[in-house]
Amino acid sequence: MDYKPLSGREFPRFSGIKTFFRLPLADAKSDCDILMVGVPYDGAVSYRPGARFAPSQIREASSLGRGFHMTRNRNVFDLKKVADGGDCSVVPIDQTQTYEKVEKHFGEILSSGKKFIAIGGDHSLALPLLRAAHRSAGEPLNLVHFDAHLDTYPAAWNCEYHHGSFLRHAVEEGLIAPDRSMQFGIRGPLAGGEDLDFVRKHGIHVFTVDDVREKNLSEFLAKIPKFKGPTYITFDIDCLDPAYAPGTGTPVVGGLTTYETQRILRALEIENLVAADLVEVSPPFDSSQITALAAVDTLFEILCLMSAN
Amino acid sequence: MDYKPLSGREFPRFSGIKTFFRLPLADAKSDCDILMVGVPYDGAVSYRPGARFAPSQIREASSLGRGFHMTRNRNVFDLKKVADGGDCSVVPIDQTQTYEKVEKHFGEILSSGKKFIAIGGDHSLALPLLRAAHRSAGEPLNLVHFDAHLDTYPAAWNCEYHHGSFLRHAVEEGLIAPDRSMQFGIRGPLAGGEDLDFVRKHGIHVFTVDDVREKNLSEFLAKIPKFKGPTYITFDIDCLDPAYAPGTGTPVVGGLTTYETQRILRALEIENLVAADLVEVSPPFDSSQITALAAVDTLFEILCLMSAN
Amino acid sequence: MDYKPLSGREFPRFSGIKTFFRLPLADAKSDCDILMVGVPYDGAVSYRPGARFAPSQIREASSLGRGFHMTRNRNVFDLKKVADGGDCSVVPIDQTQTYEKVEKHFGEILSSGKKFIAIGGDHSLALPLLRAAHRSAGEPLNLVHFDAHLDTYPAAWNCEYHHGSFLRHAVEEGLIAPDRSMQFGIRGPLAGGEDLDFVRKHGIHVFTVDDVREKNLSEFLAKIPKFKGPTYITFDIDCLDPAYAPGTGTPVVGGLTTYETQRILRALEIENLVAADLVEVSPPFDSSQITALAAVDTLFEILCLMSAN
Amino acid sequence: MDYKPLSGREFPRFSGIKTFFRLPLADAKSDCDILMVGVPYDGAVSYRPGARFAPSQIREASSLGRGFHMTRNRNVFDLKKVADGGDCSVVPIDQTQTYEKVEKHFGEILSSGKKFIAIGGDHSLALPLLRAAHRSAGEPLNLVHFDAHLDTYPAAWNCEYHHGSFLRHAVEEGLIAPDRSMQFGIRGPLAGGEDLDFVRKHGIHVFTVDDVREKNLSEFLAKIPKFKGPTYITFDIDCLDPAYAPGTGTPVVGGLTTYETQRILRALEIENLVAADLVEVSPPFDSSQITALAAVDTLFEILCLMSAN
Amino acid sequence: MDYKPLSGREFPRFSGIKTFFRLPLADAKSDCDILMVGVPYDGAVSYRPGARFAPSQIREASSLGRGFHMTRNRNVFDLKKVADGGDCSVVPIDQTQTYEKVEKHFGEILSSGKKFIAIGGDHSLALPLLRAAHRSAGEPLNLVHFDAHLDTYPAAWNCEYHHGSFLRHAVEEGLIAPDRSMQFGIRGPLAGGEDLDFVRKHGIHVFTVDDVREKNLSEFLAKIPKFKGPTYITFDIDCLDPAYAPGTGTPVVGGLTTYETQRILRALEIENLVAADLVEVSPPFDSSQITALAAVDTLFEILCLMSAN
Amino acid sequence: MDYKPLSGREFPRFSGIKTFFRLPLADAKSDCDILMVGVPYDGAVSYRPGARFAPSQIREASSLGRGFHMTRNRNVFDLKKVADGGDCSVVPIDQTQTYEKVEKHFGEILSSGKKFIAIGGDHSLALPLLRAAHRSAGEPLNLVHFDAHLDTYPAAWNCEYHHGSFLRHAVEEGLIAPDRSMQFGIRGPLAGGEDLDFVRKHGIHVFTVDDVREKNLSEFLAKIPKFKGPTYITFDIDCLDPAYAPGTGTPVVGGLTTYETQRILRALEIENLVAADLVEVSPPFDSSQITALAAVDTLFEILCLMSAN
């Protein structure tokens, strides 16, 4: 199979069956390198639902996607065989079943020697995804985490697993190496000062919006730490300001711009990006696809990172 | 306490804290007759979520509500002491906990000698509400069910309790008397012909949109059966056509108009309406509050039925 | 001047300066027969504002307007010289100034021997418009009033003149002949039973939605009374159901359809329609111009009535 | 291949790659019976564009589609092998190229012994589609035409082929038999009385909205003529009222309801429905998918007609 | 009473009666420290109305609010007893009555020893609010004014008091000390060069967007002057760029970002913030609550300033 | 004629016939200096259409426009006689006819000694506009080009002239001097690395978003080259980030802010700005007029540049 996007010169970009970046459909048994897979589960959000429609909307918006990165000077679709893996089966009412299905589905992708980018869905999905990635890697992963929120919160309503607690579990389960992990875009208000205790205790590198903007952007980028070993990126779209990503579940004012996340993603030096996810896009609250377009662009940057080696 | 809506002559209708019909807040321990209570749970929907925002949006839209019924020639707020009971606590991720909370909360309202109108939330809530109402009544209830769907569907994704199965459980648990129950607004397409087996077997009176429109409306209304005994109304807003209720989770084309549901509600002769619910309004998919306004008007008609004796 | 709409064959309907029905601009000194004039005042509404943008939005939507009436079998723009008279100057903060400006402006149009159609703005404007029309006619006018509301309400917040009281003042000031006046589309809920006292006492012919739909439409149309003498039509867009006119200030569920108002307007036998208004379109609450298009179609029907003799 | 829709019990309806009715993808060389094919060309509209996004949006909305027709008592997907044929290649800027591509693409489908349903796109596409269908049939077709407009208009801006002229060309080219053709939903205003000359001269059976509603619906349905021979249905969504189909290019107030078009489609007795199209859905002007859902339901009714023999 | 926000762990943030920050309701007679009060009057705007719906929408959006300030390292709701004071009664048609009601209502709050934050409504409300605050303080106030506009404009349409003239009156009435007052966010275009005469003459410290961005933000913040004495903050949401605050009455391109206003608010050293307002949020023109969320965040920053001493 | 905008003090800004900046209507035969002319053609876009509605929407949004530039300290309407020239006739289906009409129409404006600002429509219009401007100037023009895209792309679907190829043709036809031309806002992703070959070969000065933000803005502005001779500005609104201009045909994430384009436009030193265009605003995809307002502000800056000498 030829893993190239459907040409806009044959089929204008508004036409055709919608797949991520107009790529062909494939599965874990195919010979592609990277599978982009939707995970339309939003049952664990605490405010606005709707992320179940994100895979579909992001496929639609990715019709405008192209493959050549202007700064990196290469076409990601020449470097790697990328395909749309369809959606992972989920159960909207039942998180336990969903977690099992997700961990199994993405585990099989990794077992077949592929990398994946999961498109959520809500951020509770990062936990089964990290479980699969950790099992495959055989060691704690470096985590690059974009978010407005720390996601280390305690159980809510007697539920351990919600969209604001994946990171706490990932650390507690040993899925990631906290001292080789970092967060970008964190900002308040918080529920309380103790919200920060967990990340401090575990030595996660937290970069708030203030940190990013303290001096000029280049100076900040130069300070981003570099780690060896297998890495996982989780990108919660609410790291962006509501002006740049209105369509999300728990928006926080005063966030990053898409230009800043582009530059951070370009500045990352990652030895081996084994998997990634992009979560919390909520199309019913999006306007004019602003958020979906930001998601598509982020996926493109992640694809480039994943294709780098 | 004076259970009267906040006057629009003192506070214009766009002002003030939003409660149902601008009524005072009260709880099960108060001396009111009817409590209107929000139940913002939408975890069991199979397509569009968002009904968790319905109680809040319906409160907002009910600012335009008034109390005097032109056909019945009486003011519902003169007949009964009605109050806003706030929202029932729910757990968005956990249906089991939610069911328990709902059944307990509304059971207490009924135990205190009050009637209730629950504002969902999705239609899976009708089951714990009926359980509470059935326990309080001590006998199977007559059910008046407005819906596009039969809601007798089997388990989905290994989940018994979803927003399309409440009626099957209500019959199987003996909560309602099927031969004294009726459905309005049913229409296709269906998944299969066997979808109708359950209601046929149990003798539920099914009135499709075709039935309502076969002759002129007055003729249809004259044929609606009347039953003695305690009655429960469950009103799924998707009984209405998408033109009249775009903001719902699983819209079905070719539905009833608001005028038709008004006339059916006015034609019902109910001896004792003990409780009711209105479900499946999804504000993120509403436009210009069309659906929320239809919901408010329906609540007004139900209030009138509940105040009749 | 040639009072013909700009041709869509020369300039596609999405192009050109927006005037009502793409007609030329003219004023009271011109030789046209009918002036369509915007009155963008919405300061007297009790709930949603926004009707100040209605003249502009209705001009935009009227780009799709055409002149030939299929039932009447004639082109209104062949029968009469119609022009866009621009907007009447109003003061958004000051009703008193606005009333004076409106009465003066439309009085001058009538004095010049023309007829007018005023495009509001809110329904409080009907009072100065009726004052001007009454002075010009020299006798009480027949009123044809489309509305969900009676508009005979008492003062609110110590303000005599709001968007729900024009009819009471019109009767009390002797501007109209109540026994030669009629209302279409009235429906509840009301604030109280006494709301109906005024129209009953004065013998206004009230046709509720129930009246219109009691039998089939043709039978209803045959029963509409006919009166001699100068007539004024005031069309509050909220006579329509929210499905047909979501963009309005105080929507009421269970209203007329556009087909019904078309048929009523076509059934009216009016000897001399001297003036008319269309009010309460609120573009910020419209969706996809549904309401603006209904307004344009209504204006077309009124133009045809006005051109009949 | 098993031509069954993806099960909602395996993959919830919000998940999965979007195809018409969740059907498998196939092409002219497959062994299916009916191909549903998008034609995203909207270059010939005279007012609002956007229909190029209709195939994609209708695929999305058809996620809620089901196969069992409640009145016909059968499941369309049991009767025929139906598939999504993807989109036909079009050229947004160049109508001539588009016409050639469309005629060729659908000609090949028919040559392979299949039937098709084309999802536009604008109504100018009906011409190359009819050319293909006529060539395949070898005789003039019966046409069933749903529309607010006659579509017999003359050239505009020196362009013979626009979205309001397909019927004139179809008659002039001998593609259809006018005396065995009928129109539903026609209404004014018109540009002029001569607009009706063409259909009168050629004896096309025109049913206006007034005709449909003159008596009760059943009486109208009984009068619909029946013709032998190969038939083509073209369904312009603007036959519906803007309340039922706001998302269209040239909406006309006072239109049909979806219930009426459902009933007309069910009442048609068609010996051999060889092909059909559904056009003029414009998603950028739709709200809450009302129009897209109406389109999906109409496609379902057409599929049932096409599967009848 | 315990002045704590309703816990999201008991009632998810989408549930419950909507009050500012989920705080309890209280009035001037209560023992709270700060009352947040809606003032839903928008009768004095010159372009888009709709701010009458702002208190309600901001209450809704504040469901996501939290109390712990990440930079200040404290929880505002631990420092002060804050409550929702409901809405002040207003008269939409009558500015004079509204001004009297507002001045009286907020005067009583101050007399009871509380501070207030008023949530408008339009900017004309700042005048009666300042009158109340000035009377209570007994001396001219320092004013911190965020706005795109100078608000020193002359009377319009013979109306002295509109939404662009409060500052002129505040200076002329001696309510504020101009040389201890400052403006942030001012930008053109202006009506004329003389627009600047008033602020120059009175020595108000004007900081344009260019001033804020001339060097880097920290350098600008260091230059903000500090004044002793009672201070009032008036925050017109249109100081923000339309990308960050689309839902406002008279948007101006090229405005501040929310991050910039956050940083300015954090940099202010205010000895005694006696009162504040936030105005000109217009929900009908908002999209995805972007503007309402910016308003909530600003209210949080103002609360922190008000709780500082 | 007095070429002054309609005063907001006589007619509030929401009232009146909508023209650009509320200016009088005039044509090529008038004695004005600058004509602003709509060109509502969007037939050559590759993704989202809708720019045909831009002239109308920008006229509406320009109601808020004012004439005094705060930095330049002058009122543009005092310096030059500016008028609204209405819309140029276009043919939505036929690019060839449209190109001829556009070139002729704007050629006549230039021949009459006026300058023009064309408001598109899509970017394919820049070619006939440049042809007219080049013929009038008699020499290759300096081009200032704001865009996300290079617009030097090859033919698509056998069509030479689409909305992404005007610059290639302008160079090849000798309409502009590439070495005296510059581009602002360019960014990826691109289709391929060879996309940059054309501009490199011809020596066009390309400033990417990275270039603009490399250091602080003032440093960048100081480096913008200055050229003598007649100049043309073409402003594609998609140079802006989707947060600042969601309503456009082919949005690209990571774009300029309106503040940056304001500052660049103010920094340009142009000896003789003979003509300009603003293109690619697509109102159906705009939200709350954010994009239209950005367009109005840009037109104001261009007017100031054009009035400078």
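We call the chains A, B, C, D, E and F, going by the order they appear; numbering starts again at 1 in every chain.
Everything below uses one rule, namely that a contact is a pair of C-beta atoms (placed from the backbone, for glycine too) under 8 Å apart; a residue touches a chain by one contact, two chains touch by 3 or more.
Please read all numbers here as calculations on a predicted model, not as lab measurements.
Homomeric contact chain A/chain F: same residue numbering on both sides for under half of the interface positions.
Comparing B-C with the candidates A-D, A-B or A-F, the pair whose contacts agree for more than half of the residue-numbered pairs is A-F.
A count of contacting C-beta pairs for B-D and for A-D identifies B-D as the more extensively joined pair.
Per-chain CA centroids place chain D at a distance of 40 Å from chain F.
Rounded to whole angstrom, the centroid-to-centroid distance between chain A and chain E, based on C-alpha atoms, equals 37 Å. Counting only residues that touch two or more partner chains, chain C has 12, 14, 46, 48, 52-53, 91-92, 157, 216, 241, 243, 285, 287.
Every pair of chains meeting the contact definition is listed here: A-B, A-D, A-E, A-F, B-C, B-D, B-E, C-D, C-E, C-F, D-F, E-F.
Chain F meets chain E in the complex at residues 8-9, 12-14, 63-71, 73-75, 216-218, 241, 243-244, 257-259, 262, 287-290, 293-294, 296-297, 300. On chain D, the positions that touch chain F within their shared complex are 42-46, 48-50, 52-53, 91-95, 97, 157-159, 161-162, 284-285.
Considering their complex, residues 46-48, 156-157, 187-193, 195, 208-210, 213-216, 241-243, 246-247, 250-251, 253-254, 285-287 of chain A touch chain E. Residues of chain D that touch chain A in their complex: 10-12, 14-19, 25, 38, 40, 52-53, 55-56, 59-60, 84, 86-87, 89-92.
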